[in-house]
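This is the structure I have questions about; it appears just below.
The first chain written gets the first letter, and so on, giving A, B and C; residue counts start at 1 in each chain.
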Amino acid sequence: MIVLKNVRPYGEDAVDIRVEDGVITEIGKDLTAGEIFDAQGAVALPGFVDLHTHLREPGREDTETIETGSRAAALGGYTAVFAMANTDPVADNAVVVEHVWRRGREVGLVDVHPVGAVTVGLKGEKLAELGTMARSQANVRLFSDDGLCVADPLIMRRALEYTKALDAVIAQHAEEPRLTVGAQAHEGETAARLGLAGWPAVAEEAIVARDCLLARHVGARLHVCHVSTAGTVDVLAWAKARGTRVSAEVTPHHLLLDDSRLATYDPVNKVNPPLRGHSDAAALRQALADGVVDCVATDHAPHAPQDKDCEWSAARPGMLGLQTALGIVVKTMVEPGLLDWRGVARVMSERPAEIAGLPDHGRPIAVGEPATLALVDPDARWTVDGAALASIAGNTPYEGMELPGAVIATLLRGRFTARDGKVA
Amino acid sequence: MAPRDRGATDPAGRRELLTPGDVARTIARMAHQVIEKTSLDASEARPVVLLGIPTRGVPLARRLAAKIAEFTDVTVPTGTLDVTLYRDDLRRRPTRPLGATELPASGVDDALVILVDDVLFSGRTIRSALDALRDAGRPRAVQLAVLVDRGHRELPIRADYVGKNVPTARTEEVSVLFAEIDGRDAVLLNRGDTP
Amino acid sequence: MRHLLGADRLDADTALAILDTADGLKRTLLGREVKKLPTLRGRTVITMFYENSTRTRVSFEIAGKWMSADVVNVSAGGSSVGKGESLRDTALTLAAAGADCVIVRHPASGAAHRLAGWLSDVGTCVVNAGDGTHEHPTQALLDAATLRDRLGGIDGRRIGIVGDVLHSRVARSNVHLLTTLGAEVVVVAPPTLLPTALADWPVSGLTVSYDLDAELPTLDAVMMLRVQAERMHGGFFPSAREYAVHYGLNATRLAMLPEHAVVLHPGPMLRGMEIAHAVADSPRAAITEQVANGVHVRMAVLYHLLAGEEDQA
């Protein structure tokens, strides 16, 4: 039995919360117990759920493992993460997804849910055994070829249709491949000046529009990964208004950063989809506040130093995100007044849990609910140090940046997984 | 010490060693020395060329030539020789702009070349000039004329014509001003950092 | 100046100082039998070419040698560069071996900037000899030197840059340098070969046109860019023939230029494609002068990088 003293659920009035057997059993004043955790007025939120994480195991354990990624997740306030399928071997079969699921359970710091590949080998040609993965121990409910787009409209249609029977959702990495041949950076004034081949916004928007039409046509659900352009926001608003079952995520880096950072050619800023224009970032923040974009997902993508400390075109795209996500959301959404703490709970926990169909995450902070929580000191400020992050890789674009809001503790079903900045 | 104490001290703390009148007289004397030593006015005089080293060797060479013409009716071909690319101290200072090298149309081959500079100090500029001159042609002989010799030689170099010998401390600076560049003629001594 | 990475970072004073030095070097060496200056004795210059470009590499090599630097050529074929060693390791190795200056040509935009970053602690300076589709600053400087010779100046002149601007580092460097020096630059190309949002570039004096014939009578100089073979098959325009008809500089178009106007081409030329045979060989063309100026400009760049105090900003 633990009592969390002096916590403020959703940033509201301070209370004490009693936790027994992983469940919240009492919320009140002046509760006592054997173990007391004095939260000193920290904001209590439901534990965060990340629909988009690259844990790199199996295949690139030199950059991240399920264990180190789980530690980063716990320290970042996450209690569930979805591990993308672009591992080596690809998570396109029951064996690999069950391995990831089991390793996650063994580590036990965060619920690791493997994402299954939509097509065999992420090749976009032939559907993977979605049903077998759904019925495996890993209970896969989210499928994605992330990193690559399911570009063939017929394959995408079949995938959307087929998953209807599995109560699952296809998460699309929207990137028209012909429009992005050789693409290195957001197609705009900056990339043109820097001589970097353009990744045009329309390459994302065209696929999102097509997929929304397909999803509506076949009556399936669609999830759009890492929305990056103002145009995609318009497409989503239009599709949602006409009743399409579409949800969408935005990454912290697309909320905060833009392509003005590219002038140094430092590939720490290289990511796919690329950092967009200043006005795109502003549109994404507004869309997240309005609910047109449902949630925040990190697209946490560890990379080895040799894959980043090189020339721009040779570098791999992606950046770390699990431990900095909350700070970026506070900086971009809470501080400017676009979201309150209930809003943070919605975009970081409740909506992603709902989209992925996780019954015991993103729950209300109430008696009888699982004690799966993130406790946040809203007044703390900390400086990002890539080497100090829990991931093996250090490729954070926020190096040296001061971020507001620190996770002081994370609880998964009543057990501390992180406490005072350390993995518990 | 009398000459050094003669001049007035300007607002920047520089003492005037030579007044405009002194400069004119000194150049005239040097011109006479050149005429005498090179037998310029002799009937079968061999060619003489004056090469000014930028920046202030250039006006000095022109004035010497003018004085020589005034005294002898002989026009001495005059040119400029930039030594920047031949310096051995380039890395000790900010990047220097190049000066002009303009040799007289007659060239320098087989001529007596008189290098002309404002101040002779370490001798390194003249060493650079000798290297530059070697790449420019093959003079019969080379001589050196300077308005001020302030001592502190670091190389075995001496001037053939000296307007004025000025004993200095190493920390002091000697500035030669010419009206063409600086708006007035003068030779100034700046005591540098010493109080 | 610590490195020469791009013309976008050159201010007018620095650019003019380099051009003046190039002029001075040209005059100094004019008519000399022995083209050797002792200025950079004992300094080591390494050319590191990850793309074949005999003309640029040789131009730098001659520039270094005429200044008495020790010039070592590293080519991607004959070294560990070809064995998959990273650019960073190669650069650090060459710096540790004593390179005072690394001249790099690389297919990746920004490669020279990355090198400069990795070498920031060791004092080796970097010259960008062409990075991807980004910049080729010494080409722009030699073009500017040629234009100064022919037109008497650059300020206030109107200069057309014609052709595959999208993929051209020469065009990018020239847009920056020529506008910095006060020229009006008009970029002429089919829309498919123009970079994005040119009008939004933070460059004053830059305009865009699709119509070469309309621009020619207004130009003091026209710079024809090479159309690379791979673009011809990339769907950027329907055919080589159609390109030549609309954007090639032929004798008829040459006649539309003002009397005094100059024709430039960075080479290598595709005669009959972007430039007609007769135009390339006409006295209006300054193409061989460009090559000669290339050596003097690169000598000047090495002088400004290597012949001053070590820790200049």
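Note that in this section contacts are C-beta pairs under 8 Å (C-beta built on N, C-alpha and C of every residue); 3 or more make two chains touch, one makes a residue touch a chain.
Everything numeric here is computed off the predicted structure, so don't read it as measured data.
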Comparing A-C against B-C, which pair counts more contacting C-beta pairs?
A-C
By Cα centroid distance, the chain farthest from chain B is A
Point out which chain occupies the most central position, where each centre is the mean of Cα atoms.
C
Length of the line joining the C-alpha centres of chain A and chain B, rounded to whole Å:
76
CA centroids of chain B and chain C: separation to the nearest Å works out as 41
Chain A to chain C, mean C-alpha position gap in Å, rounds to 45
Please name which positions on chain C make contact with chain B in the complex.
1, 17, 20-21, 24-25, 27-28, 32, 34, 36-39, 303-304, 307-310, 312
Chain C to chain A touching residues, read off their complex
8, 86-88, 106-111, 113-114, 117, 131-135, 169, 172, 195-198, 200-201
Within their complex, chain B touches chain C through residues 82, 85-86, 90-101, 131, 135
Which of the residues in chain A end up touching chain C in this complex?
184, 187-189, 191-198, 264-266, 306, 309-314
